[in-house]
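Each of the two complexes below includes subunit A, the first together with subunit B, the second together with subunit C.
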Partner chain A sequence: MTAAAIPADNAGPVANSRSLVEQSLRRRYAAEARFKAYGIAAIVIGLSFLVIVFASIIQRGYTSFVQSEFRLDVTLDKDVIDPSGKGEESDLLIADYPLLIQDALIKALKLDPKSRVDSRLAGELLSSNADTTVRNYVLANRGEIGKTVPFWVLAHGNVDSVVKGAFDRSVPEARRKLNDKQLGWIDQAVASGALAKRFNTGLFTFGASSQPESAGIGVALIGSLFMMLTVMLLAVPIGVAAALYLEEFAPRNRITDIIEVNINNLAAVPSIVFGILGLAVFINFMGLPRSASIVGGLVLALMTLPTIIIATRAAIAAVPPSIREAALGVGASKMQSITHHVLPLAVPGILTGTIIGLAKALGETAPLLMIGMVAFVVEYPTTPLEPATALPVQIYMWATAAERGFVERTSGATLILLAFLACMNILAVILRRRFERRW
Partner chain B sequence: MRASVEHTVTFVSTSLLLLLVLGLAILGFVLGYMRARAIPETAGRPHSRPGYHGWFVFITTLLPAVFLIALWSAAAPPLINSLVKAELPERELSKSPAELSLTISTVQSLARGMELLSPGQIAEVRTGKPVLGEMLEAKGVPLASAPLPYLVSAALKQNALTSTSGLLKTVVGLALAIAGLVFGYLRVGHAFRARNNVEGVMLAGLAAASTVAILTTVGIVFSMLFETIHFFQHVPMSNFFFGTVWDPRFSAAGQAGASEGQFGLLPLLWGTLYISLVALIVAVPIGLFSAIYMSEYASRHVRTTVKPLLEVLAGIPTIVYGFFALITVGPFLRDAGAALGLDISATSVLTAGLVMGIMLIPFVSSLSDDIINAVPQSLRDGSYGLGATKSETIRRVVLPAALPGIVGAIMLAASRAIGETMIVVLAAGIAAKLGWNLFEPLTTITVKIVSQLTGDLEFNSPQTLVAFALGLTLFCFTLALNIYALYMVRKYREQYE
Partner chain C sequence: MDMSMQNIHTKPATTGAPVAHGKNIAPKVVARDANVYYGEKHAIKNVGIEIADKSVTAFIGPSGCGKSTFLRCLNRMNDTIPGCRVTGSITIDDKDIYDKSLDVVLLRARVGMVFQKPNPFPKSIYENVAYGPRIHGLTRNKAELDAVVEASLRRAGLWEEVNSRLQESGTALSGGQQQRLCIARAIAVSPEIILMDEPCSALDPIATAKIEELIDELSQNFCIIIVTHSMQQAARVSKRTAFFHLGVLVEEGDTNQIFTNPSDPKTQAYITGRFG
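Showing the complex of A and B:
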């Protein structure tokens, strides 16, 4: 580009510099195109990461919404269930239901009931929790004892993976969890309709279990619900009140400056630190029970507070001063102008911020690990003071479980978590689109 | 489980009391409202509208009583404990603190067990007969050994004090609520400035809410500081800050004479920084180029579609990324490495860093996008006027002008990376060492906090306390990064506003 770069032996200085400029232009335009391509490539890479994350989880998880179950005609033998004939609940609870179910399966597979090996192999096809359905039915309908009733009972996790085609049959028989005989029975049962995939309600209702086929997120959903309620009841009123004070009433001085810097910093403190705070303050100092969803809710409320304060302040600041002045002009007090006029106009913005904050809290795991939510909870909690787990913690526990069958469950639970989050975020977007006012 | 039952019991009685007080307050509101309505308007309109009078009575009924009940509930248990402790014989009190606390917890479990018994049974226990063990056994509260007589009497005292305290709390709380109601009701009148009083209380409430954020920070710092000081009484500071070996010796914990283990911070800090660096190497180019394209090249339509889509990456919970790393990225990298003849383990610095980088993309891109947009158009126009192409303008004019803000955005992303937990817990491994190999597992501060605090160790061992020291280190580290980054971003934004 510079004059010194022009060679002396060319035809004319004008044509010469022109061709030089054209050459450099070509180079510069190429650089321009390259630069733009880098930008497009970056966006494409970013978006493809998004697609890969979702695709990998959906591909592994969608099968978890169906579960293999055997359709068996179980004879509710009176001698096995209620030998004393008194119908006492303690007898009914401990009766040998697995035996009844195993007999029904042997009959359904047309096996020889006298062959003990076959009986044992057939029993391995059933989930160790298969008897729950039958037991609950008997307890609810004592009149049915002695009759033959059709049931859908859970198949073992290994059978489930065979039915879903995830079982590698090429592995030598000795190293497989199911042998050729059992695989033959499974194929036969599938063909006859005695073994089928049904919608997996257990995934949504069961509690913790060491067997993948009888593990579910029921307890975790209740725990998460309690936590979200706690967060809503605590973080929203406190957050909105704090934002109102800081935005409308606070004098501009050192203290309010410190509060502001503090809130911005709290929003960026690692979540695990909040968990340590919860362990030290709520559990060790205040003596609240470990693993309780109220402690989780308190910790998540503290974590969500900055998000809600920041969103509420933005929503309040967006209400034009003319509204306040008009209210003051007709004789309202400052508090009245704010509670009667500014706050109602800021509600859509506050709601949007709150929902986004709640969505963040719903997916949070690390602080909950600190306060002992990593717990094997089978029973549904009825109050927030009882031990519970949370949806993301359940995912963490399944992700670290050794059983292969849990991978599918984990992906399924992840999909449910993502569906919740997507609904919340879509709701926030809709609220913003519909009610947001531009002044 | 039993502790939570006891919690439920006190929780219900206190919440019943609070409900009663709330009922009284609502009654106060109605009474105050009616009385204000009945004020004759002969001397002109009253100062405040009836509703404010109602709220005034509501507040005078509710607030003092609730404060008292809260204070009582917080102060009574320690007070009762010290009174019960005074009941114990001299030789118990002279024992070591650990044994004393064991005795006290025995007394408390006895007291809880006796609450299940009927009054007749309690009377039998009072006679001093050794029947308590059987009775509790029958209620499903097995005892390790027959309780000593003075423990039983201490437990009886504990129960008596607790029930007296509960009764007194109820009586005094309700009395205060009624007194407040009467006081407020009598204040209702023509010239009474009920509105100003109510608004004053509201303002005080708003101001109090804004201090919760400060209290949280104070709580974080102090809760970790105390335990950290505690930790440094067990382990010298030089061992922690400059030690190069992390070996907390879980197996030896609690055994007398066992060596304390090594608590070197450096391997953990190294792992944290190394993984964060890998994450930033992934996130910064992708995020920055996306931001440049979105703010300078893309049409409005593309920008409004792509920006929220990229931000979805920031909305995915970190546990989902962790699972993705564990189940998809780790095995993929291991297989890919095997195909290329590299030995990549399934949990490695590369896996954790790559996935964390994906998570950080929107942190870099969205903030940088905002900052690049804030660069005034006049700077670009000046550059175009001199004949520069678009990319030359961006590289030579826009980016240098936006640089401080972009650095701030990258530092915010770095602080996220350092404090990130779930991805590294699932994908980085647990090996604490100082090593360069990208393909081997390393561990981070957050992973060790999780593993030290999710065990079943007693709380006072250095193995548990070290987690607080690690937490404080992490907090200080990210705080410094955040303050500096926020300062940069804000200063830069103000520069062109």
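Showing the complex of A and C:
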């Protein structure tokens, strides 16, 4: 380009180009503004849906964190609990605690102990699991037999509904689960403080139950914990090792191409397919027990592997090649350049991918249905080989139950699951920050 | 590599291969009929050159002429590129570096490299320099390692600027300081040869001047081979210059002679700026 190529009068090849540019500028700025508006609208819509979801879950679920309990002075009658006087455990276990609690309730409600109808109606206000508290207390404190001890015992789920204001009193008495007399007693007990809402520790500790007031996510939490441990111990090392090999060592040829395509496809396979695989391989072929959290963990590990491999490969590929060259240039071996430089730099990305994979596994339900984790498990599993449920499966099971108590528990357990996921994501952010700051 | 053992004692096929520069001292690096292929592409064609120890040799030539490729053959950095193949012989101290018995990690400890873009590790300044000695086990304790780090930084002319902040990240330094840190890192493992692949192309003139000064000093102890786009730089720092064009070593000789009286018309055309 020489000076001769520019016209001397400084006018461009197009006459009045300036006004043309001004016009087109207006169009371009308008397009930009429109695009911004679309973006903001999309975000607002997304956020508002999120708010609606959270609001509805919280509104339906927050009541599950409190539970109605009766405060009763239970007389631990020696004749009922330990008639033989030997204090044998078998006697203490089968003693008629419900009778003692019922007597205490009748006393608290100032009813006539001789009226059998009233006794029966009063008994209906108590949870069928109310005796557990008393029995455990007696077993732990045998010296207290014969004394009168104050207890908080679980009220029946219907009573809980009344206390939480979710019971429709306008329904004709004959079609109600509680009659007018019982409702009167409940009001009286609430007024006197003998019936109150207390923090629902049972929600976190109980196992499965047909009564909503004594159903909890304890077993599901243990099951989910076992499964997450299995996934972490299996999927993370295998996934990172596979990604490292594929990214750093594997020769580029048809076989590795096929492997790569398959891993990417595996990430898109519906999770139920992994459940079928788990059922066929781990349970039918390998003979692992049904409903066991180890099988769930294995299935979820398989499901999480592609996510971890893909995330790790991306993180490794994002490490600039100049760092590899620098390490090789001073005489580091390939393995040293990877372990000293590439892997540490890839850790934030690997962590993010891993935690996203784990979070996905934690919320997974479909494959667990296939391997029989939709089970009614009351007892805590002590090993991963014992039957257990998982948090999302527990939510699914409660969602199919009709009682009011289960409806609020469905939302309550969802909140707990969401809280776990939020914690995991926060952990991912914290770990990422910390590792990034080191360099 | 099949050809590695032949042709060692024959004259190089290309022009201007010197015999008597450096007063009868055996050349440090000798290449004979070196060819490099990237898959089908023939990147380096029958290059023969002798490079003297304790001096600066510059490779010049237009982009894509193969000078960097040839440089990267000398510490076998090209091994990392899939599909790259080297034939012919390249020897350092009469040992073929493409021989199967040669350990490439050991080779790279002997032949240090400084890259075009400063690439310090995202670690502290101290760790950057200490990394090489540490992985090779060159020092027995912290005190020795400290001494090596200080000596390397001093020789790279960086000690005065960074001695108070050795624990700060190497990536926080300025571009010129980063490049000198990379040089310190390279000399910390006491290499015999230092390869520099356009070490100043990302730097401003002041930083460039510092690096050039440093190259001059280092040439008293190391065999330095520098690839550069700047002919002024080649003229300033190098004792001998090799001109590459389209994968062929066109001409090699004393820098003065190359720039004042080139024997090949292509060299003449390039150094006068008619192409490139």
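We adopt the following convention: the second predicted complex is superposed on the first by the 379 of 439 C-alpha atoms of A that agree within 3 Å, B and C clash if a C-alpha of one lies under 4 Å from a C-alpha of the other, contacts with A are read in each partner's own complex, and residues count from 1 in each chain.
We take it that contacts are C-beta pairs under 8 Å (C-beta built on N, C-alpha and C of every residue); 3 or more make two chains touch, one makes a residue touch a chain.
Keep in mind it's a predicted model, so treat the numbers as computed, not measured.
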_Touch test for A:V269: subunit B only (first), subunit C only (second), both, or neither?_
first
*Could you say whether A:S333 touches subunit B, subunit C, both of them, or neither, answering first, second, both or neither?*
both
*Check the residue A:S322 against both partner chains and state whether it touches subunit B (first), subunit C (second), both, or neither.*
second
*Classify the contacts of A:V138 with the two partner chains as first (subunit B alone), second (subunit C alone), both, or neither.*
neither
_Taking the superposition on A as described, I'd like to know which of subunit B and subunit C A:L300 touches: first, second, both or neither._
neither
*Thinking of the overlay built on chain A, is A:L345 touched by subunit B (first), by subunit C (second), by both, or by neither?*
second
*Between subunit B (first) and subunit C (second), which, if any, makes contact with A:A280: first, second, both or neither?*
first
*Of subunit C and subunit B, partner touching more subunit A residues*: B
*asked:* Under the stated touch criterion, which partner chain does A:V219 make contact with: subunit B (first), subunit C (second), both, or neither?
replied: neither
*Between subunit B (first) and subunit C (second), which does A:A95 come into contact with in this model arrangement: first, second, both, or neither?*
neither
_Using the superposition on chain A as set up above, list the residues of subunit A that contact both subunit B and subunit C._
333
*Which residues of subunit A touch subunit C in the complex?*
251-252, 320, 322-333, 336, 340-341, 345, 439
_List of subunit B residues in touch with subunit A within their complex_ = 1, 3-4, 7-8, 11, 195, 199, 202-203, 205-207, 209-214, 216-217, 219-220, 223-224, 226-227, 285-290, 292-294, 296-297, 306, 309-310, 312-313, 315-324, 326-328, 358, 361, 365, 389-392, 394-395, 412, 415-416, 418-422, 425-426, 446, 449-450, 453-454, 459, 467-468, 471, 474-475, 478-479, 482-483, 486
_Taking the touch rule as given, give the residues of subunit A at its contact with subunit B in the complex, in rising order._
28-29, 31-32, 34-36, 38-43, 45-47, 49-50, 52-53, 56-57, 60, 237-239, 241-242, 244-246, 249-250, 258-259, 261-266, 268-274, 276-277, 279-281, 284-285, 288-289, 292, 302, 305-306, 309, 333, 335, 359-360, 362-366, 369-370, 372, 374, 383, 385-387, 392, 395-396, 399-400, 407, 410-411, 414, 417-418, 421, 425
_Touching residues (chain side subunit C, partner subunit A) in the complex_ = 75, 77, 80, 82, 105-106, 108-109, 112-115, 117, 119-123, 131-132, 135-136, 169, 171, 182, 185-186, 188-189
